[in-house]
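Chain nomenclature is as follows: A, B, C and D, assigned in order of appearance, with residue numbering initiated at 1 for each chain independently.
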Amino acid sequence: MTYFTVATLAILVSMAMLLVRAFKGETVYDRILAVNSFGTKTVLLIALMCFMTGRPDFIDLALVYALMNFISTIAVLRFTRYHDMLDDDDLRARRLSAPIAPAIEEELT
Amino acid sequence: MTLDPGLYNYWIVILLMMTGLYTVISRGNLVKKVIGLNVFQVSVIMFYVSMGKVEGGMAPILVEEAEAVYSNPLPSVLMLTAIVVGVATTAVALALAVRIHEAYGTLEEDEILEKEYGAAGPGAADGPVDDHEPG
Amino acid sequence: MLALIDVVLLAFLAVTAVAIVRLRDLFAAVMVTGIFSLLSAGLFTVMDAVDVAFTEASVGAGISTILMLATLAVTQDVEKKRWRRRFSPLALGVVVVTGAALVYGTFDMPRYGDPDAPIHHYLAPHFLEHTPDDINEHIPNVVTAVLASYRGYDTFGETTVIFTAAVMVLMLLGGAATIDRRRPGGGRMGANVVLRASAKPLVPLILLFGLYVQFHGDFGPGGGFQAGVIFAAGLVLYALVYGPDRAQAIFTGRRLEALVALGVLIYGGAGVAGIVLGGEFLDYDLLAADPQDGQHRGIFLVELGVGITVAAVMTTLFLLFTGRGQPAPWEDRVGESEGTP
Amino acid sequence: MSVWLEALSWLSMLAGSLVLLVTGLGVLTLPEYYSRLHATSITDTLGAALVLFGLAVQAGWSLATAKLVMVMLFLMITGPAASHALVKTAALHDLSLPPRRRQEDGDAGAD
């Protein structure tokens, strides 16, 4: 049983740190990042709990979480007030006009 | 683990419920009110589900063992449908908010009242109007 | 260990709720609401309500968040700071008094997990013991049995509520439901390559998983409500990545409207069939020669009806919200700074 | 279950737990968005894979293992895709990297 305990504690501590980041924010992207990572932690926590309660066939739940986490992250990015950003056409257009930090410019090409 | 939550669950549920209620009462933004209602709703669901838990029990999906202890299936059933109905009603509330925004150009309660009744509308009696709003 | 998880997650939940109230950036508040429902879904798993957790995970963390974001995209996303908004002593007073009264009330309650609590001695043992005889010995999920058969009438009412809600949103937002390609979340087929590549294999898998949840609901966690939402989530992902107009090529408004009604009709039809066969409304025993087979058939039909309605309603809601026109001209959204609490 | 499998599961879960702790620590302490993103995106995928692998070894050959593998695959596709979307969104809009001085200062990020 011990490793379940160790993993659960690690996940809970990690969750707490992510929560702090989600509340502090700084930028809106930090929040999205924290929420996304928090979702992954929840998936793992659910998987662990399924094993702890001795019903490992409930892993379906973890799958739903993983799925919804992805979809909501994509939706959040789609609906930020800086919308349209996930489009490659848009990227090209912006690269011509908007000043982007050179370091990122390199990484994107 | 000898940790016993006792009545802790219910207290947290009450805290959540009151947080939701406070949001609904004190915030003027309509979407914020809907969020507050959602918090309230989750707290009620949590309350029911907490009551359904049986110590050492498992999810009410029957297994072969004869002596298995199950948690109460009834709160699950009631709350499961409540969640889906809840999102449907939330959608109606949000749709109303969208239409209100289209009609008044704002989601703030007092601004809507102002547009409806003029500056000395029913909202004006509640407190001093501070017009030094930045931006 | 489970008690520890319960305590810690509840503490997180309380902190999150307070954070939600304090955040003035509505966009951030909605995202924290996402955490809120992930946490509560985790708690439902701890409390052995796997079906509820399933539903909350798909509805709360998925559809509900997306609908709120879509609303913010067409309205405003920062709460304005004016009088009366920051702190309200009267509201706080009301809340504190009510809360204190409720806490006082809890002292008479059985403690969490008490097997002797009155709630566990009235109907629940009956359902747990008699489901294999009354309904079908091959349906181990008591939640499904109670949902679709014992309390089938109630569930029918709830399905109708969802149907009505969809009709109302259609009336409110359906008029000008044209997709504007320049809107957030609207149009644009040339979306990002990485997202397109990763979403492409996922969408059919999600739809398949939705079907699995639908038809496996008798045996494990799942059922029509959950399956409907998951199925809709697959379509939503498709619409998000490839653009709603592409999703609407298959699921046009008219077809979705027909499906919304079809689900309720299947449910009602299964009920009326009982009357026609000489029994009562929603009496599944008569649907087959053997009552147990009849029950299984009835539950299958009812869950199918629920699944179709829920999937169609959720997809309709998403398409309606994202299909709303441009924000009004007085809303200058560009260059708004982020509001922090 | 043999001792070796048990040990493998143990090790995998332990390593996964450590990696997950690093995720939290990174998100909390790193100075700006891109380094935080860097900390989470990699560790999230790796930590999740390790923990789920440990669980799968525990479960042996069963339906649960198949489902665990599904979850793992799913996280491995969606995690990086989400991170990509996150970095791209931020990069295209208001967020630019802080000037290069961070590196000249000699590693302000890691502690």
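Note that in this section contacts are C-beta pairs under 8 Å (C-beta built on N, C-alpha and C of every residue); 3 or more make two chains touch, one makes a residue touch a chain.
These numbers come from a predicted model, not from an experiment.
Enquirer: Which chain's centre, taken as the mean of its Cα atoms, is farthest from the centre of chain C?
Expert: D
Enquirer: Please report how many Å separate the Cα centroid of chain C from that of chain D, as a whole number.
Expert: Their C-alpha centroids are separated by 29 Å.
Enquirer: Centre to centre, by mean C-alpha position, how many angstrom separate chain A and chain C?
Expert: 21
Enquirer: How far is the middle of chain B from the middle of chain D, if each middle is the mean of its Cα atoms, in Å?
Expert: The answer is 33 Å.
Enquirer: Could you grab the centroid distance between chain B and chain C? Build each centroid from C-alpha atoms only and quote it in angstrom.
Expert: Distance between chain centres: 14 Å.
Enquirer: Which residue numbers or ranges of chain C touch two or more of the other chains?
Expert: Touching at least two other chains: 1-2, 4, 48, 50, 72, 192, 195, 199, 202, 220-221.
Enquirer: Note the residues in chain B that touch 2 or more other chains, in rising order.
Expert: In chain B, the residues touching two or more other chains are 58-59, 61.
Enquirer: Mind pulling the residue numbers of chain A that touch at least two other chains?
Expert: Those would be 4, 15-16, 27, 32, 50, 53, 57-58, 60, 63, 67, 69-70, 74, 80, 86.
Enquirer: In graph terms, nodes being chains and edges touches, is this line, ring, star, complete or other?
Expert: Other.
Enquirer: When you check every pair of chains, which ones turn out to touch?
Expert: Inter-chain contacts occur between A-B, A-C, A-D, B-C, C-D.
Enquirer: Tell me, which parts of chain B touch chain C in their complex?
Expert: It is residues 1, 3-12, 14-23, 25-29, 31-32, 34-36, 38-39, 42, 45-46, 49-63, 69-77, 79-81, 83-92, 94-99, 101-102, 105-108, 110-111, 126-130, 133-134 of chain B that touch chain C.
Enquirer: Spell out the residues on chain B that touch chain A in their complex, using ranges where they run on.
Expert: Contacts found on chain B: 58-59, 61.
Enquirer: Sort out for me which residues of chain C touch chain D in the complex.
Expert: It comes out as residues 192, 194-195, 198-199, 201-202.
Enquirer: Can you name the residues of chain C that touch chain A in the complex?
Expert: 1-2, 4-5, 8, 12, 15-16, 19, 25, 27-28, 31-32, 34-35, 38-39, 41-42, 45-46, 48, 50, 53-54, 57-58, 61-62, 65-66, 69-70, 72-73, 77, 183-185, 188, 190-193, 195, 199, 202, 206, 209, 213, 220-222, 226, 230, 233, 236-237, 240-241, 333, 336, 338, 340-341
Enquirer: Under the definition above, what is the set of chain C residues touching chain B in their complex?
Expert: 1-4, 6-7, 10-11, 13-14, 17-18, 20-21, 26, 29-30, 33, 36-37, 40, 43-44, 47-52, 55-56, 59-60, 63-64, 67-68, 71-72, 74-76, 79-85, 87-88, 91-92, 94-96, 98-99, 102-103, 106-107, 109, 111-115, 117, 119-120, 123-124, 127-128, 131-132, 140-143, 146-147, 151, 154-155, 158, 161-162, 165-166, 168-169, 172-173, 219-221, 223, 225, 229, 310, 313-314, 317, 320-321, 324, 328, 330-331
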